[in-house]
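Next up: the structures, one after another.
One chain, subunit A, appears in both complexes that follow, with subunit B as partner in the first and subunit C in the second.
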Partner chain A sequence: MRLWVLPKEQVVDMVCRLMADYRVWGPQAKGPQFAFEPLPDPTAIRLDYNISILSPKVALQPPQERIAVFHLDGGFTVEPVIDAEPTVIFGIHTCDLHALALLDKAFSADFPDAHYLERRQQTLLVSLECLQPCDEHSFCKSMGTWTADSGYDLHLMDLGDAYGVSVGTAAGEALLTQYAQARPATDTEAQQLHEARDAKRLRFPNRLNFDAAELPSLLATAYDHPIWAELGDRCLSCGACTNVCPTCYCFNVIDSPELSLKEAVRWRRWDSCQLDEFARVASGENFREARAARQRHRMFRKGKWLYERFGELGCVGCGRCIRACLTHINIVDTFNAIHASQHRR
Partner chain B sequence: MTAGSKKQEKPKVAFFDFASCEGCQLTVVDSLQTHLDLLDAVEIVNFREAATLNGWDFDIAFVEGSITRPHDEERLRRIREQAKVLVALGACADTGCVNALKNLLPPEEVRRYVYGEHADWYETYGARPLSAVVKVDAVIPGCPIDREEFVEVVKALLVGKRPPIPDYPVCVECKLKGNVCIFHVGGICMGPVARAGCGAICPTYGDGCEGCRGIIPHPNENAMKEVLDEAGLSVDDMMHYFRMFNAYREVGVGQWE
Partner chain C sequence: MADSIYVPRLARLADIRPMTELEKLFVVEFPDGSSLGHQPGQFVMLSIPGVGEAPISISSSPSRSNGQFELCIRRMGDVTGVLHRMRPGDVVGIRGPFGHGFPIEQMRGKDVLFAPGGLGLAPLRSLINQVLDERGSFGRVIILYGAKRPAELLFRDELEAWAARDDVEFHVTVDRGDETWTGNIGVITTLFPKITVDPLNTVAVTCGPPIMYRFVLMEMLSKGIPETQIYLSLERRMKCGVGKCGHCQINHLYCCREGPVFTYAQIKNVPEAL
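Up next is the complex of A and B:
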């Protein structure tokens, strides 16, 4: 793998040049927190961010988008709306990078999703290695997402005055040579990069008390565990956990006619399995009416079902759901509690 | 709308009001600034606040305001008899809104406070939403209503669909906007139990939600009370938050029976 060095003061220049040809999304300050949004100007980028409120998936699967327009005037025609443009997502932490790899699989499987895939096709990913855990809620090390060897076009790692840059793809290399004044790393710098990555291992705790690879089999025997009722009692059904989750991809589809009734727009909007009506079907039956059943569903998606479907766990350990939950429902504590109770038996 | 059907007559629409600030009707007028095509889609036959029209031949009645006097009921029933579709316009009509705060207090005290020595001259009873008196077909929640939602409801009625009023909480829209959670910056917010549809406008501008659109159908009130307790609210203060816009839900008409 070819390594480059990008002096830190060059980052804003690079972003500035990129903005001429791409829409550039990056982490920015939002009050006391951070948000991934299109950069209004290159200096707004905050690569020192801890974690963003929503994950960078917002650039590829927007919370709400038009997906089709119907014309009803003299016949019936449908026109798909594919809203994609050349995009760079800059500064993605590795937990979120792993999550995007899962979304790529989810949106490619069964019925490939043209809206997501067309945007993904036109998007380059510049990731950023964390050298410190972002806070007490992240558990990326347990989920194996605390670093990344692939999935990016470029990958940055802080070396003090400069970023060490790993090139993941030819497109990434082109980005680096055309938009940045980077230079190849010296052997010493390459060594420094490897050492920094090794050194961070000790700084990241394992919060899961067991190997995450055991999650699918652990949950297989936990469907009737009493913990779901406990979570159900605490859950507000506000959907915060799934809306901030970098791997959740469920959406609802809403048709809205124009007042003329000659046109209609089909929207899609993020949906959440935690909401009352999510599992209500046309006959009126709601097959996950209890909050406990909905929380169990979420935990099973993260720890078992997505693994069975896509070969990867549905949780990347970013900890967003834990931070967002006002009643302190904690996926790590939940998995640990199930593990502990199974172990006792 | 079925394809090839002959051009139908525009539905006749009327606006009425009871105890309210009329701000929701004002929002309707305001919505014409961005949706002038509303006037092509319907025929307005009665709209005291905006026009000198007083027709009683209408299909859809939008009714603002709470019912606060026995003789209001008679007029509301007349509207109901005439309307094919009756829509509660705004929080006063939908939930009783702040009008129902008086239901928390002893009737005599309220009457003396408002009307002084002439209290006996005035007819008044416990404030109630329209649905306490007549069947309501659809609601547009909020204090005031959201003008985009008003337009969406009109569209739904035009095609004969149930208006798409969210039954999930404000937190959903707030998260979709990527907002900083009000609780994370030391504030108080009813977002986890309050009905969405406003685009989380208050939290988006840094204020906690006060639940003006009513409470969702199945709120986890115990969990919400724990959240408010952790945020430092006393039980009294919690009650204020639950009651400010939703007193009728909490106590009905109280001692005004």
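Up next is the complex of A and C:
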């Protein structure tokens, strides 16, 4: 792997050049918080952000998108809308990078989803190594997502006055040579990078009281655990937890006529398994009526079912669902409580 | 431009036949005459532009396709409501066929017991007619059909034809009779004592509302039919039909992909399935 050095004062310059050829998404200040959005100007980028409200998933699976247009004149015709353009997502934390790898699998498995995949194909990922945990809620170390060896085109790591840059792909290397004035790292700098990575180990706590690899087998014994009823009693079914989650990709498909009545649009919108009607059919039968069952469904997807399907756990430990929940439903506490009770028995 | 799995093909309503107060049979064809290429038990996503999409089982047998396929549709809400007001010649959108249907190859040589309830006959009719079209390669054919009222019986002409055949054992019942009804009265499970089966050589198939199939499954099991030879078709909310949107999930299973047809053995330990 080639290592490069990019002086910090040149980041804005690099983003500026990128913006001529790409739509560049990056972390920006939004009041006291941070959001991943297309950068209005290169200086808006804030690589010192702790965590973004929504994950960079928004660049690849937007909250709402047109997926087809029906032209209504007499009969009708229909055509897909595939909205993709050359894009760079700059400054992705590694938890979110791991989440994108899961979305890649979900949207390419079985029936490939051109809306996501066309966008993904035109998108380059520039990730950023965290040297500190975002806050007390992140548990990326427990989930093994606190660093990354692949999945990126370029990967940045803070070295004080400069970023050490690891190249993940040829496209990433081209980006670096065409848009940035980076220079190859010296042996000392390479050594410095490895040391900084090693040093961060101690700063990141393990919040899960057991090895995350045990989650699928742990949950296999916990379907009827009393904790689901407790969570169900507290949950408001607001769907905030799934909206902020970088690995949640469930959606609704909604058709609506345009005001002109000459066209109708097929929309895809984020949906949430926490909402009451998510599993309700037209006859009125609701296959996941109890809030407890819906909470269990979310946690089982994260800790077991997506793993069984795609070989990756559905939780990357970003902690967003914990921060977002008004009633303090906490996925780490839940998993730990299940583990504790199964090991008491 | 890349193809989208969410964009339907245009299809024409070749014919519309009223069946009951709530159900009509829609005969559908593609303008280029191509066939749908489905297996019994599979479904399509049917679109009405600007209104929405609904998953609908294919009710006709592939053995009778003729470049057309049939959908038996109950008027329930937005999409099906508009559809019921459409006329022959009108155009709809079709995606699919999707899902896993009935494995007819594994049924050959065996006795087949069908037990549809109400609208559950719609998907089973596809398989029943294929079995009847290849009658020689199956053992006994037993059909037990239950509906709420005589006026809700679907495919009445076909029911009469099945009743008249001596190579089909056909029993029908209604929950509540009316002044013209002289047949069986009672829920579908009351038909099971009328038949004997050779359990190990029997494949059993059911579809209907959850309250109905729970009891029907118990009858099938108590006849000694092996769990791997009992098939049922499940309904779930579906938005994509292709294993992405998450709506149809039954615990870890996707009804639209692994289903909608499952064996009892596949789902007996899946709590959300039954």
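Keep this in mind: the second predicted complex is superposed on the first by the 341 of 345 C-alpha atoms of A that agree within 3 Å, B and C clash if a C-alpha of one lies under 4 Å from a C-alpha of the other, contacts with A are read in each partner's own complex, and residues count from 1 in each chain.
Note that in this section contacts are C-beta pairs under 8 Å (C-beta built on N, C-alpha and C of every residue); 3 or more make two chains touch, one makes a residue touch a chain.
Just so you know, these numbers come straight off a predicted model, no measurement behind them.
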item: Subunit B versus subunit C as contact partner of A:340, first or second or both or neither; value: neither
item: Contacts of A:82 with subunit B and subunit C, given as first, second, both or neither; value: second
item: First (subunit B), second (subunit C), both or neither touched by A:234; value: first
item: Partner chain(s) touched by A:259 [first = subunit B, second = subunit C, both, neither]; value: first
item: Which of subunit B and subunit C A:324 touches, first, second, both or neither; value: first
item: Subunit B or subunit C, by number of subunit A residues touched; value: C
item: Partner chain(s) touched by A:72 [first = subunit B, second = subunit C, both, neither]; value: both
item: Partner chain in contact with A:199 - subunit B first, subunit C second, else both or neither; value: neither
item: Which of subunit B and subunit C A:288 touches, first, second, both or neither; value: second
item: Doubly contacted subunit A residues - partners subunit C and subunit B; value: 72, 75-76, 254, 256-257
item: Partner subunit B, residues of subunit A touching it in the complex; value: 30-33, 35-37, 53-54, 58, 63-64, 72, 75-76, 233-240, 243-244, 254, 256-261, 269-270, 272, 275-277, 291, 324, 326-327
item: For the subunit C and subunit A complex, residues of the former touching the latter; value: 1-8, 10, 47-54, 76-77, 80, 90-91, 93, 209-210, 235-237, 239-240, 242-247, 249-252, 257, 271-272
item: Sites on subunit A touched by subunit C in the complex; value: 67-68, 70, 72, 75-80, 82, 106-107, 109-115, 117-118, 223, 249-257, 264, 266, 268, 271, 273, 278-283, 285, 287-288, 293, 297, 300, 304-305, 308-309
item: Of all residues in subunit B, those that touch subunit A in their complex; value: 1, 3, 35, 37-38, 40-41, 151-152, 154-155, 158-159, 164, 167-169, 171-172, 175-181, 183-185, 191-193, 216-220, 222-224, 226-227
